[in-house]
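After this come two complexes, each holding chain A, first together with chain B and then together with chain C.
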Partner chain A sequence: MRNEATPLIPHSSPLIPHGLVWFGVLVGALVVFGAFVVSLGQDPLAAMLAIAGGAFGTAQGLNRTVARATPLLLLSAGLLVAFRARFWNIGLNGAMFMGAVTASGIGLYHPDGPGWLILPLMLVGAVLVGALWALVPGVLRVAFGAPEIIVSLMLNYVAARITDFLSISYWKDPGGRGFPGTALLAQDFWLPRLGETNVHLGLLFGSLAMLGVAVLLGRTVWGLEISFVGQSLGTARHLGVNVSRTILMVAAISGGLAGLAGASEVAGLNHRLESGITQDLGYTAILVASLGLLRPAGAALCSFLVAGLLVGGDQLQIRFGLPSALSGVMLWALLYGLINAQALSRGQGGRGKGSSVEHPLPLSPFPLPPPRSGHGP
Partner chain B sequence: MDPDALVAFLAVLVRSGAVLLPATLGAIVTEKSGATNLGVEGVMVFGAMVGYAVAFQSGDPVWGLAASALVGGALCLTHAVPLVKVRVTQEQQFVLGLILVFLGDALSRLYGRPYVNQRAAAIDERLVVPLLGGIPYLGEALFQQRSFIYLCYLLAVVTWLVLYKTRLGLHLRAVGEDPAAADSMGISVDRYRFGAIVVGGMLMGLAGGVLSLSVIGAWTEGLTGGRGWIALGLVTFANWHPLWAIAGTLLFGGFEAAQFRLPAPFPGAQYLLGVFPYLAPIITLPLIASRLNLRQSGAPAGLGLPFHREQRG
Partner chain C sequence: MTNSPASLLNWSLTPGITMPSVSLRHVSKRFGPVVAIDDASVAVAQGQVHALLGENGAGKTSLMNVLAGVYRADEGEVSLDGQVVQIRSPSDAKRLGIGMVHQEQRLVTRFTAPQNVALGHREPRFLTLQRYFRRLAAWLSERYRLAIDPDSPIWTLPIGRRQRVELVKLLHHGATIIILDEPTANLAPTEVDTFFHAIRRLAAEGRTVVLITHKLDEVMRYADCVTVMRAGRVVSTFGAAEISRQELVRLMMGELAGGAVSAAPGSGGAERAVLEVSGLTLGDLHVADCLAGVDLSVKGGEAVAIAGVSGNGQTHLAEAITGHLAGYSGRITVDGHDVASLSARRVARLGVAYVPENRREVGLVLSQSVALNLALRRYAQPPFSRRGWVDHGAIRASAERLIREYRIQTPSPDTPVGHLSGGSQQRVIVARELDGQPKLIVADNFTRGLDPPSTLQFQQALFAHRDRGAAVVWITGEVGDALLCDRIAVMRRGRIVTVLGRAEADPERIGLLMSGETRNEE
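Here is the complex of A and B:
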């Protein structure tokens, strides 16, 4: 795992927290979670078992977990690329919405078209539109230095409103009564599924995307250039890297994969466009990527774990009448503990000599570039 | 448009803008100290829920508003400790802010369920300002609001006075601009940043309280609907200045009012009109960002960077 970056860049500090740290973080998160369950008057141990059992214990739960993990794989794969270049694209939710809109639009306007043509068109169209959507913050950053974090964030809401307009009003299923969604797509345009499950071809896309990202970042010159840009803009320029092109490239890759995630939800799972179809997974993916320490293997693993947490959270509602939002508390506690543990173990805190470490290594495996002055979120 | 509709439009504009104002001010105070907090949305939604619950139980909206500010500050304590004591890096600050959104949203759902769609009698009362409220049309639009709305605009002026006219504000801005220099002048960088994050959180929580008690008058899950994120966008739009924040929030309030108070030219138009509040920062950011390079902006130079006293150059 540690060589997956590139041997050209020496690692000066341990990148992966010690096993004990992980254990401590996990225990801490479980304690916090348990405290909340107790405060709501329920048995914490039973609640934890219900989450784990609901997510991974039954065939139906596992089915749902894998289906939920599919878009998370695509989204977090894109984030790894963007974050490696320190391009803070948090607009994946928007790109995912636009991908879903594009895919369902192509499907809805060609109901009689051949499936072998329309379905690939839906997917490719979604990738292109998602990439274009993410290029907006990319271009504004490259051309004007506008902070991408705010631009991409705002675009999330623009995309959500466009989706609302289409699914609730313009493309609304006339036979759908009050349901906020379009009519079902023609069956020829559905992604093939594995038997009777919800597991569809999107899982393959997600796995390939994660694999591709691992190769791109770890084994190619482009990956190296992306790393240089993330490390230091000045150094990257000095080394002859086209910084603007690299930033636009990572923006397009992350947006394209998010668009594909949206299309795969439409074609694989929901088979129609609905208001709120992304389920805010574009934000969740940021937590997934961070929890996976911004590494492909870690992010892949965490996609399934976090998906399980979300799916298992629904069990709390069904079995104990507890709000499924409790899984959000758990997710918070895990990341909160992890970030603090990472920072503390690298000696960022405290007042002792340890805090003068030159590499305040964050979630990103590369040293920080010098601050861009006045760059605010 | 007939005058009555215009008055109603203006009244909604003032009200919708006011909700965003304390949240924007909270983010400005936080960022002026050099810390970032992307968790505005979460703090605001939890403040909205707690404010409503306390008003419901106590029967007094003022207690509700106070409670929403208190829990906002308390929630941001969890943000202040890693930022100031653990000195996490800029990107860790971003992620911490994002998970604060998750936390606030989850907490508001956990403890807010008994109050969902409960109509409380104890929402904020309408307060007609003497004399000014009697002005035809204009008075009706501006000076017959619920009482907390005035408080929001007052807070903007107070924040401006504190930040730019007091020693405290000078120190705070120095800490955000050049922590090393501030430190060598004997200003405690840690203490100012910690305080700014917590006070900023109180303002964000209070914004939630204003939303649930004065504007919506009810609690439902996800009540803020992205207003916290807009507030964050407004900070850059207002160029980190509390008085510009008033102008920004009024503009945004106008977009929101237009969504519901203007006749829709075609079905579903309100969804598309709802896009404008989010587009405005995107359009203005490049302008502000190009000014950033000239160092004329109000953005603190030390924004997001942890301060290590031992490394002071």
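Here is the complex of A and C:
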């Protein structure tokens, strides 16, 4: 309990500085990962170096890493906006599927259309459908108070099944034998690539989206209102912020960017719709946004790091005969550590009931028990 | 008759059985920087109705929450019947026979009364609950005149009846020390008498009753003893017969610190009214916290106090004036503009400053910087933003000025405001609202919780605005504050009971009017 006679401003913030949290969590995740590798009889340090080398050390690895980071940029940019308003949209994977479906549908039904018209239509259509998809949990939340976590999460499965259904039925590639996917789109509808690489125009969209989100959150009145809604609903209402409209807007933005991510995967990388086209990146983006501490620069950096981890994980299998899923262990150990660090930093400080200093940035959507009242250290 | 409720419950306590008398010694409780209870000691004798009297926020409920195991005291000890006891949780308290009827009821609203009573209780194990409860209900209404409807779910009952269920539940659980937190707040006047009949009867049977209240009338009529609390401290304890109402008012409201701000009477009068309220009506007129035809007119350069015990409609009045409340009948104009058609933000743009009472919840965004919080009311207007673009430089510059001017203790303008002390946070809000050139200032208990120097400073700032020509509405429960204003409107049960000029007001009269002692006034 703080002494009443001391200055009332605590010198050390009751929250662990973010950088320190991050570093601690990273070390923890590396240790966990290393323990797994050791238990499988391999050298953990060599495994880590192999991942880094596989992701960033070779031209081909770098190529794949950047391609993988592209949708993560778009997805996490949208998540930043939604999470800042504490609208826990877990449904990006679904919105991404729907964006991919929309883009490929438009492409498939106008195979002879001019590229300059159809390609933009595919992208815009994907943004709109993604936004509408995310507005479902948004509207249900605003109108009935339905928890968006559940609604958006469940819709992910709906979207995945829609994609599966279309890619094995109406839109199935006649020449694709058993493969669940559509035929390739006409080449006019492909996003331009950088030379011979897999890096396509989607990277520009992602960078612009992240930049736009940074400006929106940091420089505009509207960004302020988003954070008021997220951080103090009572105050936001008192100030006359239209809370419902804000929630609907952040839902639409996050869904729209996820839709664009789906379209850019279709038009930029795969050139067809196929089952599982999102590779669950909609969930990975939650990790990316959280690891980036809900800051645009952090999320941008983490998009590339996490993409590198996913790509470099293949090296574990190739070089050490380890399951490539081990890189997933590292990813989710990171998230797990981060959530716990957040819980710890909330619980500490000896602040009793009535103190509601929220974490400046909510790191994760996972509901945490409130700090024990009254009896701090 | 082995199955009669009376025998099952052993309710008729034989007078010979010693009941624990309660004693709290040197109890303190802090919530972060806020001191809720400051070294309070109370002793309650068995078989008595002991009133705990004080204003809202005086620490009455917190002190009793310590006894009921809801809070753990930072310091001090509780003893029952001379034995020091450790009460760590509500179930400890229940085991010791302590039960509390909280202001907000803790019943399962989908359950019926008997189901609620049975919750958390083992007996009776083998009887059909409904049949048992019917007998209990009949017996209760006969013995205590506390009739209970055994069949309706709780949510269909009026609040007063729910409270009754809660009381019966406590008794059923074997409570011998009963704490009632503002039990009559939701009762109609006719129900009050019935209720206290039951309470007196319980006390006569040897139970100990603690009655938390701010109503003098209840104390004088129904209590044996009264302990006055103010600002977390116990002022004193008296027998109810040996103290006058006037004396209680004085003790409850505190020393009249009127001399602090020697506000000269305002020069107003010549100017037209800035605020006009006529026939403002809102809510259920049987509830104290309604508005029942309020008329009020405040001119520029005039300070009007709305004096009243908290919870008599003042806060709704403030919210209606500032555009935070809709759905009232009557008319409010600020500077000639009808407020009903305007959003809160538009009203603020008319030049209305508002320090809300529940400022902790609605006044700050705790995780944002001090600077942003100092700009919160006007963040969407120039100079803080233009065309939707925020100018962080302007926000910071203005914050640096306000921090200097109002001596806000913060390491930097960028510190999250949640890291400041409670008092400093309040200074942030008040500084923000009193800054600039507001035409009308609505201040709802705006110095509550501030230390004396800050109080003085902000009162001076308020009156400086009045002298500049602003209209001031100061909602306060402190008689001393009210006496600083040019006119004093006493508000009770949603009505402006009397409006007194400063010259004709004396503290005692205002105190009596506030607490509802009519004395030929109505």
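Please note the rule applied: the second predicted complex is superposed on the first by the 315 of 377 C-alpha atoms of A that agree within 3 Å, B and C clash if a C-alpha of one lies under 4 Å from a C-alpha of the other, contacts with A are read in each partner's own complex, and residues count from 1 in each chain.
We take it that contacts are C-beta pairs under 8 Å (C-beta built on N, C-alpha and C of every residue); 3 or more make two chains touch, one makes a residue touch a chain.
In this text, all values refer to a predicted model and were calculated from it rather than measured experimentally.
K.L.:
With both complexes overlaid on chain A, does A:Gly292 touch chain B (first), chain C (second), both or neither?
P.N.:
neither
K.L.:
According to the contact criterion defined above, which of chain B and chain C contacts more residues of chain A?
P.N.:
B
K.L.:
Return first, second, both or neither, reflecting whether A:His238 touches chain B, chain C, both chains, or no partner chain.
P.N.:
The answer is second: A:His238 touches chain C but not chain B.
K.L.:
Check whether A:Ala143 is in contact with chain B, with chain C, with both or with neither, and answer first, second, both or neither.
P.N.:
It touches chain B, and chain C stays clear.
K.L.:
If we overlay the two complexes on their shared chain A, which of chain B and chain C does A:Gly125 touch? Say first, second, both or neither.
P.N.:
neither
K.L.:
Classify the contacts of A:Thr220 with the two partner chains as first (chain B alone), second (chain C alone), both, or neither.
P.N.:
Touch partner of A:Thr220: chain C, not chain B.
K.L.:
Which partner does A:Gly54 reach: the first (chain B), the second (chain C), both, or neither?
P.N.:
neither
K.L.:
Pick one for A:Tyr283: touches chain B only (first), chain C only (second), both, or neither.
P.N.:
A:Tyr283 sits against chain B, while chain C stays out of touch.
K.L.:
When the two structures are overlaid on chain A, which partner does A:Leu335 contact: first (chain B), second (chain C), both, or neither?
P.N.:
Once the two structures are laid over each other on A, A:Leu335 reaches chain B alone.
K.L.:
Could you pull out which residues of chain A sit against chain B in one structure and against chain C in the other?
P.N.:
351, 353, 355-356, 360-361, 374-375
K.L.:
Flag every residue of chain C that touches chain A in the complex, lowest number first.
P.N.:
30-35, 71-72, 74, 324, 343-345, 348, 356, 360-368, 372, 376-377, 379-380, 385, 388-390, 392, 409-411, 415-416, 418-421, 423-424
K.L.:
Inside the complex, what are the residues of chain B that reach chain A?
P.N.:
31, 36, 38, 78, 82, 85-92, 94-96, 98-103, 105-107, 109-110, 113, 226, 229, 232-233, 235-236, 240, 267-268, 271-272, 274-275, 278-279, 281-282, 285-290, 292-293, 295, 297, 299-301, 303-306, 308-311
K.L.:
Can you list the chain A residues touching chain B in their complex?
P.N.:
For this pair, the touching residues of chain A are 36, 40, 83, 86, 88, 90, 136, 140, 143-147, 149-151, 153-158, 161-162, 164-165, 168-170, 283, 286-287, 290, 323, 325-326, 328-329, 331-332, 335-336, 339-340, 342-344, 348-349, 351, 353, 355-356, 360-364, 368, 371, 373-377.
K.L.:
Under the definition above, what is the set of chain A residues touching chain C in their complex?
P.N.:
Going through chain A, the ones touching chain C are 1-2, 4, 7-10, 13-14, 219-224, 227-228, 231-232, 234-240, 351-361, 374-375.
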